[in-house]
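Report on the following structure.
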């Protein structure tokens, strides 16, 4: 597996404020600067095998200022939010929340490495923007046709099963307060930008 | 190092010291064994707290005489914090419990006199709880600030009645002077 | 009240210390010096100086000279906490012929420069505190220290290596010692060990002789199977109650032959000495070398106490020493000093779910391993799996279990790294298993420690830098482990940057050290303070590491915090030395902070009578007045504050002093511009026409 | 009749219909009323937080705000979906502890004239409510058809006992709450150490290989321990293990057949309710065979049953259960709270 | 001293009830001895006199003035200064003059509220809401009224006094003693008491004179007499849950109240050297409350429904705080609302 040495962006100037940027973006406390590099997170992670950096290493890179390297890493996208790391971390670092923060920065800057992951999130979110609820059929259909056309045959039994067993609603449910919800989300977007705009590295 | 010695005293004047007059001043009573040592610990650990928190060291919170608290308010404190060992950890076994009893009764008196409860609080700190104590100091200041200054020493606003005081037909020259001095004495609360 | 001229009109000298930049870095000391002169002149300040290091001999001479030349009768030093240098400056005053108690220390370091950053505000606060000090010292009167005789006997609580050392040091010097131990035998945790790091000498070989000496020493009285239930009095004169739990046998008759233990039909797991991996009888001697040699009967597991029948031990005891009706007995001891060597408890590994202790048979704790590797332990020194027979082919040793972890204990337990490496060595010694050490950092700073680290590496132990994430018996692939039933240690090898699942037979959790469960209770009983975790707090962490906040009570060994055997022995000896020094003095000077009753003004209302926990207050029914016994009075001041007639005065902390200090602190502060006027000594009311 | 606010979450009206149906079926006998929050919206799972943390919290916050405005009598909000539960609980926790978030969140909610008072709502998972409030005794009282002989592997999934920022759970990794509930129903509870391991969440969508491997681990462990079925409290877990099991088999060339049901479905069965009303039969990996073993007839499977070769049970498991005559005593484990 | 060899005597009542004057009159025939040695030059309670006459007297010409009552308005203050000027010996006479007494309790209320209470109170028919003002212009000319001051002050807060005599009122026999003592001193037959000292009272507290048996104090409840079971006539009242102020109150009265079965209410004020009567007393009471849990402590303290009334009935004006927040922020009656919440006051009247 690639190590920090081969991380793209290594050559780029180090961004000393990156940790602060992450802190500003993370909701709740990050405590990232207290990481003792013990590897409990990487050891606990069920999907660590598919990460190009273990969480610990990602944090070390962040603290070193390898902004680009961190944002291009697939690690946050491999996080399944199982919170094993966060309950075991001896420094009580809220690791999954940090991962969200990194992912959001990466998507905002359009350098999300794992396009499928970002894309799934976008699809999911756009559902919410449309209906206020998740619309599984729409989601699955759109997402699979986009990325997993080849998987579809293998999934036939499942697909059929889901449908025949009535576990797929074909009519999306739209909430009444959708307009209000959109307003809320819009405002949240502004506030977030504002907050980060203030904290963003000069 | 400076060696000059000044032996001629200068006259006292009443101008306030450098702290912003509007920032509340909190007097803290500490016991020698737990809370004062916690304060020392906060110092050794360089934990910061607001500068207008001022400590008075006693041997035990049980030494705190309600007159001390009243005196503090009368002398211009905006808040008073009683600190001591945790209930069961008193260096003198159970004496901090006596402090607790007095606190409860004095609090009632102060409330009846119109002094907000936020201005008179208590906090337990073991000798190891420097950070907690420092945090309590900051909290206390935060609690008191919105209430504004207590200014117990300040002269009540005499404006409307005051002019009646200086009714020429009733006062000759020197009693006017006395009237002035008299007002001063009215300000001289608690001396 | 304040500050109507005290008896002698005060001539106060003010001395402001820079403490290098510690104070001067934040407080404008020159400004404070001048301010004191200007503003406090009317309050009796006749000289005001600053100096880089007041506590230096030159600084002290400065004060002494002024006392002599300017005829100062009061001194205020604005420097560090009185707990740091009060004695120093009082000494200076005394040398210059001024009563030491007329010296006041104002803390502008711990309370100002170290806790504030705003220079202006800090300087203003320093001035305010200084004013408080001046107005306080004005009201101070000369005092003489109280002298009390010191009882030569010493109480040592805890019979571990630290306690034994302290006891022997004092006893050898020729003074009586009472050694109280909760367990049936002295020896403590060290008695459970096989080898000691890094020298690997046999624990028993070096400990047993000391235990025997302690047990037979003419000056040492052992109180094993006992606990201290109450402590009264004060330094030099403590009265201590010790509860002897019943051993259910008459120690005068018992020869320690061990027949009772042999014949006792009740076999139970021994959770204490054998750390839960060995068995003992209901009547037992914890281990062969136990001191004293007598067994104890544990009624919770004794068949007779459960069903009322059996009495095997009683019937078979050759000397008829068994006493099944024995009752607990309480003895009262008079001692002058106390050493607390109450030791530690091992962290309960069950709390770390991910490591599966208690769930997975072949996960062991360090204490279990100590017993297992001990030749006289349950496996006779064989390293085996829980099944009692199979020898492990691979052993994982996990560091920092319950330590350096905010979920359990933040602190480093200091001994685990070395202990773990000792285990690695012992495994290699007893078996040919592969040994892994999983660590975050190797901490081997002691003498010959790192050499031992090298040695263990040479022996082929594999060190993997990574905190073990979990231990599991769930295999991901049937072939993941050579045989089923083996354990998988899942960890990130942080140096390789990848997650590894390493199959092993046995896992040893190097658990951290924790304070005794009842540490807070004990601290309370002895009137000392302990940290939130429960470690005893030293009087000063560096300069007075074995004394506690309470005069006459010292601490040694792991009661103070995690430490290894040499450090425990050192602290035990240090505590002994401190105590011997005091005993030699025969008497002891106490702060003359006392309550004094003015019989004239006492109305005998008896409000104060029930307020003194040291029973210093007595009521004279004939005179109908209350009296305070200065020898018993501890100076807390509760009665002073309680006396409705104001008939009780407090030396050192009188109402006048405290009210003066309050006034001083507030008189110039921003909040009390009026307070300033209040405080100035000139009367405010217009002068009356003289009669 | 104890009453709670209810946040079903999207999947209960879709892929986890069975969960909703079985839950509805057991509420009446237990005398529990769930009042669905009017016009609730999706909690965004982990996706919204990914794009915009604050947006995600605003999304969740709207539900809390609605709950607050609709609470009469009760302020406890029950979520049957673990992801929804974790999101709601976490949000409440964070707005309680962070002044900034509190202001930002209410700032956003204000856009639709809503606002949330931190702490005004207590978020709890359905499992917790059934065990804490209703109680095992009460549940047991209604059992008319004990699940004797059914070997159940209790699978809690991640998001009930973790992150648990409020420290409500004594165990974060090996809680035995579900075990005890199953035991109360008379089932034979399999020791299933993966009880809170991860099902892979949306990995099946964004990184199938990762997702399949995680599903395989769970299924494999259950299979080795000879579990008849897995029981879960989370729609996402059910979906992954049930719906993707065949594709996973296809991917690894394996032929696991481990059905997974919702705990409410098993409660319903134990209460003697009809499998149909409990949505049994809507699972892709049919529980037909498993339930058949304890004499519960369920609709025929929709797909061809794959015979599981007998004796494939893990020796590991067998050895683990075997009694050892001699040896060193084991440390005692205290009975855990949850 | 007058031509006829008598000393000049004056007595004045400021804010007081006149009880002190009556207590002096109670000397009965002994008052003849007073007339024997003193010329009464000014005593509004018993004889007519004009302030102008007093102003006309040479400074220090009055040998002895007993001044009763607290300083509540400009007239009181004016007379205090006047009599201070004219008198050789000025005695703060009685509880009002020494520590404010009952009138001092008005220091809990703003002048505005006080006037509202009187001129708009339930017992007042005042349709035009007429209020007293410092100046009133009439066709005949301008009238002046003394103005209320925001706080009632004790005499020694206004002028320096030579002696203090506590009591509400001072016991007649104590008065006789004091007059005897001072006459002797004036005659030069006895030393003058130390200036500023307390005369006509003891140096301890009421318990010193109280004959009731006392044991150690552990108070489990406070109650008022009618709420309590019949009391043991021989036992300390405090030990029987009666909040008796005796322990903190200066002796000299003969412990009349407690001996008669009524709790001491503290009219003789604090003992020697006590800074604040109320503080001392509350500290004493609290110290012997037999509880260590806040809740339990609270329960017991609820037995004292009016702490300020209990501890400061006589000494509020003379206490460290002198009164309550309301009085400190007194405003002109017109401006004063019925009641102003303390919060608001914190930010009020801070300019100066």
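Each chain carries a letter (A, B, C, D and E) given by its place in the written order, and its residues are counted from 1.
Here is the rule we go by: a contact is a pair of C-beta atoms (placed from the backbone, for glycine too) under 8 Å apart; a residue touches a chain by one contact, two chains touch by 3 or more.
Since this is a predicted model, take the numbers as computed values, not measurements.
Looking at chain A and chain C, the chains in contact with each of them are D. The chains in contact with chain B as well as with chain C are E. In this assembly, the chain whose C-alpha centre lies farthest from chain A is E.
Interface comparison, A-D versus C-D: the higher count of C-beta contacts falls to A-D.
Taking the mean Cα position of each chain as its centre, E sits at the greatest distance from chain C.
Chain C and chain D have centres, each the mean of its CA atoms, that are 48 Å apart. Centre-to-centre, using mean CA coordinates, chain B is 28 Å away from chain E. A straight line joining the Cα centres of chain A and chain B is 53 Å long.
Inter-chain centre distance (chain C to chain E, centres taken as mean C-alpha positions): 55 Å. Multi-chain contact residues, meaning those touching two or more other chains, occur in chain E at positions 81, 157-158, 275, 280, 283, 287. For chain D, residues touching at least two other chains, in rising order: 172-173, 217.
Each of the following residues of chain B touches two or more other chains: 65-67, 71, 74, 94, 98, 102, 149-151, 154-155, 178, 182, 185, 189-190. By the contact rule set out at the top, the touching chain pairs are A-C, A-D, B-C, B-E, C-D, C-E.
Within the complex formed with chain D, the residues of chain C that make contact are 269, 276-279, 350, 353-354, 356-359, 361, 365, 372, 378-379, 384, 386-389, 470, 472-476, 478, 484-485. Those residues of chain D that touch chain C in the shared complex are 171-174, 193-194, 217, 220-221, 224, 314-316, 319-320, 324, 326-334.
Interface of chain A with chain C (complex): residues 1, 3-4, 36-45, 48-49, 53-54, 56-57, 84, 87-88, 90-92.
Those residues of chain E lying in contact with chain B across their complex are 74, 77-78, 81-82, 108, 111, 133-135, 144-151, 153, 157-158, 275-276, 278-280, 282-283, 285-287, 289, 291-292, 294, 297-298, 301, 304, 306-308, 311, 319-333, 335, 342-343, 345-350, 352. By the touch criterion stated above, chain B contacts chain C in their complex at residues 1-3, 5-12, 14-25, 27, 33-34, 36-37, 39-40, 42-44, 46-49, 51-52, 54-60, 62-68, 71-72, 74-78, 85, 88-89, 91-95, 98, 102, 126-129, 134, 149-151, 153-155, 178, 181-182, 184-185, 187-191.
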